[in-house]
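Chain IDs A, B, C and D follow the sequence of writing; residue 1 opens each chain.
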Amino acid sequence: MITAGIDIGQRNTKAALLENGGRIVAKVSARTGYDFEKAAAALYDECLALAGLDSDDVSYVVATGFGRYRLPFRDANVTDITANSRGAKFLFPGTACFLDVGAGSARAAKIDANGRILKFRATEKCAAGGGGFLEKIAFYTGVDIADLGRIALTSTQPVSLSTVCSVLAESEVINFVTQEVPMENILLGACNSVVGRVLLTLRQVGTDPEVTLTGGMNLNVAIPKILEEKLKLKPNASADLYYAGAIGAAVLGFRRVSRTRGSPGMGG
Amino acid sequence: MGAYSVGIDAGSTYTKGVLLDAQRTIVGTAVQMTGVNIVAAANNVYRAVLQEAGVAEGDVGCLVGTGYGRYNIKFGHVQITEISCHAKGASFLFPATHTVLDMGGQDTKAIRTNERGEVVDFCMNDKCAAGTGRFIEGSARALGLSLKEVGDLSLRSNRAVQVSSTCAVFAESETLELLAWGHSLEDILYGVHSSIATRAIGLLQRVGIEPELAFTGGVSLNRGMVRCLEEQLGVKLNTSERTMFCGAIGAALFGLERMEQEVAAPPVRA
Amino acid sequence: MFIGYINVPGDIGPTAQALEAKVPKAGFDEAKRLQGTLLKRYLESLWAGAAAGRKFAYTFVMGNPIELLSAFGIVPVFPEVTCLNISYRGGAPGLIAASEEEGYSTDACGYVKMGVGAALKGGQTPIGNIPRPDILLLNYSGCQIYIHWWEQLHYLTGAPIYTVDVPYIREYDGRVPPHDIDYVVGQLKELIPDLEKATGSPFDEEALREAIDRSREAWDLWRQCLETGTLRPTPFDAYFESIYYMSPITLLRGTAECVDFYRFLLDELHRRHEAGVGPTKDEKFRIIFEGVPNYPYFKSFWDLFKKWDARCVASTYPKVAGMVDSGSFRLDPGRPLESLAEYMIHAYCNLNMIGRVGLLERYVKDYQADGMIIHAIKSCRSFSMGHGDIREHFAKELDVPTLLIESDHVDPRYYSEAQMRNRVDAFFETLALRKRR
Amino acid sequence: MVFSAADAGSPTELFEAAVEDSYTRFDSVERWKAATGGRAVGYFPVYFPEELAYALGFLPVRIFGASGRVRLDQATSHTQSFICSIARSAFQLASEGALDVFDVLVFSNICDVARNLSGITKRNLPAKGIAYLHYPVNNTSPRALEYLREEYVRLARHLGELSGHDLELDRLRKAIALYNEKRDLVRKLAMLKQERPWLIPYTEFYAATRAGGILPVEDYIDALEDYLRAVQDRKAKPMDKIRVVVLGNFCEQAPLGLMKMIEDAGCYIVGDEALMGLSWLGQVPLDGDDAVRSLARTYVDNPTALTVRFHPAIDKQAYIVDQIREAGAQGAIFCTPKFCEPALYDYVIYKSALDKAKIPYMHAEYEESGSSFESVRTMVETFAESILFD
């Protein structure tokens, strides 16, 4: 049985196909844009094509993310916090807490052995600014976003940037650029500022191991490193976790179908 | 010493340069992206204005730097804040100016000036309204459009959607969310421009609005913004393609004044 | 018997006179150093007091009856002062983070977050261990957040709150209804048996009178110091330097050291004046300063003004411990509680906005100021709500050049040097042009 | 009636018209003044002794904030951006003349912003009547009662000077009796919403309660009685939703869309603080004591925690846990207005009690003018899912 999860985020849409709730068959991602219904449909088709499957082969589609209500072919939708918890648990079964950093805000939750949410927090409005903030910093410093984390890690003297208002932090970055501060110091400062913001949220729910990082920050090598330093424990991070929302949605789809059809689930 | 004066405005996005002759005629202008090397950008712009007018470096009597990067323009003689320069420049372009609204990438400024283009009072945005220009940029980015395009699109709407937040951090999410709820692009953009205009007017009111009004800075090229400001203020704004050079013009004018007074009494401190 | 908290146990240390004897007359900046010594001694008195088993009362700077506490030998702790000193030394982020992790918002006051952070860390702070409170004395004057702060500490530490409710000055001519004074005096009377119970020592009225008298003397001297700001040029910066000078009147009111300090300061200011020495090379601009400073960047913040040879001639913040130059109170050992009540009611933030604006207007006139700087801070709505409106009044109705800038007093995350400099430079450019006209 | 029959057929329509009127227009207040020759007092939240106003010939009206219905240009130029929205919109309304219908505006010591707003309003509108009540904070002091009584007398003198009336104790007793009745009805409505939340959607409940902050008390009592009768007989069926209380919204009002979204996202709101100031006082005993003193005593002795009234004898942590349990709620949703410090401090006090009592809660921020609730919706849905499916 194949189930699909589609996570329509503010910046990127992610899709994943899951076989019998246990194996990821395919996963893809693309820019959400403003016509996100179309973007999601196209991405879903791409994902199916990658797996060599047809939409009829898919038993259940679960949508998540801010655009979840706008996916016409969904069977169900769940919030991205729920989806990320299942995704984190699927990829790292020892997960006790997870931190999901999106383009804008971040969410953290403490979950039980089955991936159920026990407690969660979202960043305050004034502390918003995750991946989107780093994209802008990449623009001001003329660095490719894909290289940002790697370059940041070469710095030993990061600048200090506001860990609350990211608009203010952005202005500070511009000023550092005008002062011709070495690029890597600015970039590491920017990564520190993002971590500073999201860490508060994580600490409010707890940092019991294992801590799993979900979302786009898994594609930035500096963020898990800084998190590790601050938490004094190594968080789970991997490229797959970028897809945690979509994978979690597919896992929930599989559980839903299994339950209604009475077939054995993957436990949990 | 030469008779020409150069003003260089090193802003966060663009570096602008203007060359004035002793009769206060603009004989050269240049602009380029500031990028990460401000000194290089300032130098390039400097060379470009000289080249355009065919003026040799030795003919330049004074070089004044302004803008956020002004302290980097070490080859200049004086550094003056962009507030003083914008006021001066705006009153050069529009001589009846008494109020200037400058909306750029970093800051919004409201300036009241006297007939000589001197600052009488000024206010800059609060922290939470920082980068109001950036809010529009954020909306544009969310939609994959340019700053000018979003302005033009907003003109097609007569029904502004209420946009509550003007915090630039939420520009993208707010815009996308309104889209997700089925509002039209045009109405959303009208709403965005309208709410930013209200903020800017609040700032203008702090210095007092006295006609004529000049609208300068990068956002002044956005026609949607001009429309919203005019609607809410009930007066016409002076704006032109040349307002982006306002700061540089003002800087060059200060240079000329300085040359006229020689070094005895510099108008403002370096 | 009066027990000054600073001298127990152990000796007093160099008083102003002793220090003066050591310092050559040529020194024009010795009062600041003496202030540092007194502050250090104050902190040491906390640790000594803890070792000696003394009772600690947390209390607020604005409108507190410190003399009453010292009559019982209770050691006052001022979390506002400890927080600002921690922040001045760069220690704010750790304490703020500790409370934000507990759920305190970024919009909450930085003082509260630092204070709570310190309590969460068992009193461990970068300036040393701050003793736990035995009493939370809620002198609610001028700041609503005082209530919330003590409530937080009450639930966190279990310490009892003793309240002295001080009504806001709500008549626009500045009058205080008689029932306000009666109410505050009555509450101070109710406080006495509570303090007797808490300390186990009987109320010594004579000790209170003596402390009140020493306070009065210190207030008189401090007022004279502040009024040297009317001199042209002013011998001192009535904002940036006053922030150092204000600490003895805040912490040590009612002691002999406090009186000595201000006598010493007054003398130093006169010597500065005679020698033509001041806080900057020149006095190009005379400004009035309204609002709380930025402590984490205090020196570079000051430099923004020094660079323009701007001297502050009068300001409000250094008078948060008492509006000594407004003529609104005068301590009187003959009527200790009544005069204390009048003092408590007339705290700066307890004035309504009409009163605050009037006071600033008087400063502009009496001190012949060229302009006004208002520094609004995100943490403190008590101080800052109204700053926008004050600017309106001065800039538009009185044509006094006024600059409104904002950051925070303790939280370094809200300070942007480049933005601040841009605004300040533009302001003085404008002022320079105006002076030329 | 202050609304013509056309705009107020049913009680619900009357309530909705009143709510709409209470944002920026206050036409009904204008009409009431014209019809009765009386005066009007507008008061800034949270609580106000309406009886005193009534007895002196005033219509007491609560200023709720403009909730995004005015452009805040004046407010932007006079206040900084870290000031809450209700203070900004109230100032904007005052400076636009929208509050001219009120002969006097009353402020009190609920927070630093409200305190200073009184003087700022006075400075900008010198001709406007501005009064300020200092509610005692030291409510365990034996002096608090007399102090508040004096404050009420002072306010009565101020109002009386404007209306030309002296405070007559008989009239005050009549007023107390009326407002007791009003508060009792409002409490009944809240109990009904608590016991059978499916009968009344929050938006309707809200309008019915809020109308009590603007309508003349007699009209309101009649309409609310009718409404309560009609609602009891509704045949709605309960849905599988979690029961929550909403906390922190006692002053600046949350956008109605946000509150509606909470119910749509799987919750029943069985208690909230939005309009608690209108009924918080409870019943004032008319036991032969000086009626002004009775009114004051009921304030001073009130055992209900209120974020903006410090009472040294109240244990807020025990109080909140009891409240939630009594309401039969499964969780609490803290909705705090952006920049509202008092709400943010009580949030921490309350949440640590909830942690201990193992009561789930979540926290979201709002502004009265807010129009996008997507991130809050995600949180509420997650919250509901986590309780519903455990």
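Going forward, a residue touches a chain if its C-beta (ideal position, glycine included) is under 8 Å from a C-beta of that chain, and two chains touch if they have at least 3 such contacts.
Values in this document were obtained by computation on a predicted structure and should not be read as measured data.
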Quiz item: Computing the C-alpha centre of each chain, which chain sits at the greatest distance from chain B?
Solution: D
Self-check item: CA centroid of chain C to CA centroid of chain D, Å
Solution: 36
Quiz prompt | Euclidean distance of C-alpha centroids - chain A vs chain C, Å | solution = 47
Quiz prompt | Whole-Å gap between the CA centroids of chain B and chain C | solution = 41
Quiz prompt | Mean-CA-position distance for chain D and chain B (Å) | solution = 45
Quiz prompt | Multi-partner residues of chain C (each touching 2 or more other chains) | solution = 102-103, 105, 107, 378, 388, 392, 406, 414, 418-419
Quiz item: On chain A, where are the residues touching two or more other chains?
Solution: 66, 124-125, 165, 168, 171, 175, 178
Self-check item: Multi-partner residues of chain D (at least 2 other chains)
Solution: 77, 80, 82, 338, 363, 374-375
Practice problem: Name the graph shape formed by the protein chains and their touching pairs; answer line, ring, star, complete or other. | Solution: complete
Self-check item: Interface residues, chain A side, partner chain C - complex
Solution: 124, 126-127, 162-165, 168, 171-172, 175, 178, 200, 203-204
Practice problem: In the complex, go through chain A and note every residue touching chain D. | Solution: 66, 78-82, 105, 116-122, 124-125
Quiz item: Which residues, counting only chain B, touch chain D once they are in their complex?
Solution: 126-129, 161-165, 173-174, 177-178, 180, 198-199, 201-206, 232
Quiz item: Quick one: in the complex, what on chain D touches chain C?
Solution: 77-80, 82-83, 87, 109-113, 115-120, 122-124, 130, 132, 134, 136-138, 140-144, 146-147, 150-151, 154, 310, 312, 316-317, 336, 338-342, 344-349, 351-352, 363
Quiz item: Residues of chain C touching chain D in their complex?
Solution: 102-105, 107-109, 112, 138, 140, 143-145, 147-149, 151-152, 155, 161, 163-165, 167-168, 170, 172, 177, 179-180, 182-183, 186-187, 190, 349, 352-357, 376, 378, 380-382, 384-389, 392-393, 406
